[in-house]
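In the two complexes that follow, subunit A is the common piece, with subunit B as its partner first and subunit C second.
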Partner chain A sequence: MEAFAPFFPLLIWVVPIVLGFMFGRLNEKRHYRSIHEREQAWLHLPATASRYPLLPGQIARSELVNGSVVVSVDYFKRAAAGLRSIVGGPVKSYESLLDRAKREAVLRLKESCPGAHEIVNLRLETASLSKNTRGGVGAVEVFAFATAIYMAEPDPV
Partner chain B sequence: MFLSNIETIPGKTITASHGVVSGSTVRAKHVGRDIMAGLKNIVGGELRGYTELLNESRDQAIERMKAQAQQMGANAIVNVRFSTSSVAVGAAEIYVYGTAVTVA
Partner chain C sequence: MKYQPSLPSQNDNVSDEHPLKDFLSILLKLAALGLLAFFVLGLLVDAVVDRMDASTEAALTRLLADKAPEIAAPGQGNAREAQLQALVDSLRSCARFTGPATVKLTESKVPNAVVLPGGNIYVFSALFEHVQSENGLAFVLAHEMAHLSHRDHLRALGRGIVLYGLAALLSGDTSALASVLAPVRQLGDANYSRSRESAADARALQVLACRYGHAGGATEFFEALDKGEDKDIPGSHYFDSHPAMRARIDALQAAIARQGLKTGAVVPLVAPK
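Entry: the complex of A and B
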């Protein structure tokens, strides 16, 4: 036991990294599966970053809708990103995190207006919640907002 | 109250403009949530506590903006924008602003 004592500080680093690697990877896989399924299910509600409605016809009403998500990166990815910053280049581990967060925010936005026909002026904002909190929780918030358009029902002929 | 983040309220016409209205909230997260988030931080993923917290504060900011618009006699707010900034350790400001108008 005595012989291992010098390694205890190392364990404090290694254990979260290993846990982060296992659960983080599992989480990511599950999340991507859910995102793909829901994106398929919401294909009938197109979103555009354009400020003008693309669909022709009479507009019945519109409303401001939003969706947001706060995600944090796991310890393994943070360590990987730390190593990456030595040599530079694309930080894959953060790319997938932000990609998931953005798609999730847009999906939540769509889920908040099930009867809409179109989403216009989709805007995404990313805010870091861990700025200047050394040792704090490293997390980003992705916030999506847009105007949902409800078309008037076509007259029954 | 109609809200949109484009220049008009689709399907309506703007008859009068009342100027910029805004609402803001500054919220701190409480310790319990912070501890949970710290644990969640090891494995990564969504921090539900924070998502809820930010949504609540955003709703409150929107309510404040609406109240201001109502006071001006407007019935709609166009070009609504949001911004978030962390002002201090553990606290974030949510700011929402737009142009108050009357539509018919």
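Entry: the complex of A and C
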């Protein structure tokens, strides 16, 4: 046991990374499952970045809608990104994090206007929280905002 | 064109690769590169230390002399310290050692002696429980003086600087990474240190034979440690990088036989009043 004593400081690094990897993977899997289910459920509500609606007909009313989400990195993703920052190249560990955040923000936006017929002018903004503060929580906020359109009921013939 | 709701069949924005693959591949490549750099720069340190002229060494020694920590030993420390200093000074001509060598006695339960840059020899008080004769003590001191004349303290310092430099380069922060890398350095250096220790042993044996006319007491300290080794005293450099006690004793006895040295009666160690 004593032979391993010099390696104890190494554990301070390894344990959070292993925990981060385990919990991060679990959370990510669960989140993606939820995203896939909800995207399927909200497929009937089209969302575009265009100024013009896809659906023909009379617009009854429109409103500003938004959805935002804050996702934190885990120690593993941070360590992987830290290693990446030495050699350069695509930061694969952050790709899924931002992908989840963007899709979750759009889903929350859609969920905020259940009666709408279409979403136009969809925009996404990204902000990183506590940018380069040492020991700060590395988290990212994705904010989605758009115009929700409610169509007029077609006149009964 | 009619709008047809559908979800994309695949997501190219996220890589399918297992996240560990990327992490491990970079980590292993960097580790290999770091080890290679440490090895090459370590050889460079050796080359520089070997080629360093005496005046540069003296200047470095002066620069670092007063950087050594002052640790007062209680009780009869001063008399003991003076005794050690006198013994070191008496070994000078045999060791052909002209530089500064200041002995400092330190209160510690670990039987050990170390050299620090600046010509400082630290003797830990528990050493006295493991040597019975002046010859035994002289061998340990001659061993430490051999480190000084072999410039091993400068090599260790150079390697330390290389390690901290690499750690700072890779992480931008020396404080955390260096402590994590310390065991790595210990492992990587063990072989290197062992050869330095053997060289110091061989030199100390010659000095002892020159000073007392025989090699008696050369293995005294190691024999005492070898008997008590199961007690396992952590933190002593005589256990980490030093070759196993038995191997060192054997090596010394082989050298004594090879060089045809006699082993005479040892001078008992008298505690100063």
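Criterion: the second predicted complex is superposed on the first by the 150 of 157 C-alpha atoms of A that agree within 3 Å, B and C clash if a C-alpha of one lies under 4 Å from a C-alpha of the other, contacts with A are read in each partner's own complex, and residues count from 1 in each chain.
The rule is simple: a contact is a pair of C-beta atoms (placed from the backbone, for glycine too) under 8 Å apart; a residue touches a chain by one contact, two chains touch by 3 or more.
No experiment lies behind these values; they were computed from the predicted model shown.
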Three-chain arrangement built on subunit A, subunit B and subunit C clash or fit: fit
Subunit B versus subunit C as contact partner of A:Pro16, first or second or both or neither: first
Subunit B versus subunit C, judged by how many residues of subunit A each one touches: B
Partner chain in contact with A:Glu63 - subunit B first, subunit C second, else both or neither: first
Subunit B versus subunit C as contact partner of A:Arg51, first or second or both or neither: first
First, second, both or neither for A:Arg38, with subunit B first and subunit C second: neither
Contacts of A:Val87 with subunit B and subunit C, given as first, second, both or neither: second
Which of subunit B and subunit C A:Asp74 touches, first, second, both or neither: first
Contacts of A:Ala127 with subunit B and subunit C, given as first, second, both or neither: first
Nearest-approach distance, in Å, of subunit C Cα atoms to those of subunit B in the combined model: 14
Residues on subunit A lying within both footprints (that of subunit B and that of subunit C): 77
Parts of subunit B lying in touch with subunit A, wherever the complex brings them together: 2-7, 9-11, 34, 37-38, 40-48, 50-51, 54-55, 58, 80-86, 89-90, 92
Subunit A to subunit B touching residues, read off their complex: 16, 19-20, 23-24, 27-28, 31, 51-53, 58-64, 66, 68-75, 77, 97, 104, 120-121, 123, 125, 127-129, 131-133, 136-139, 141, 143, 145-147, 149
Residue numbers on subunit A that touch subunit C, as the complex places them: 2, 5-7, 9-10, 12-13, 21, 25, 39-40, 43-44, 46, 54-55, 76-77, 79-80, 83-84, 86-87, 90, 92-93, 95-96, 99
Touch list for subunit C against partner subunit A, complex: 3, 5-7, 11, 13-15, 17, 19-20, 22-23, 26-27, 29-30, 170, 179-180, 182-183, 186, 232, 234
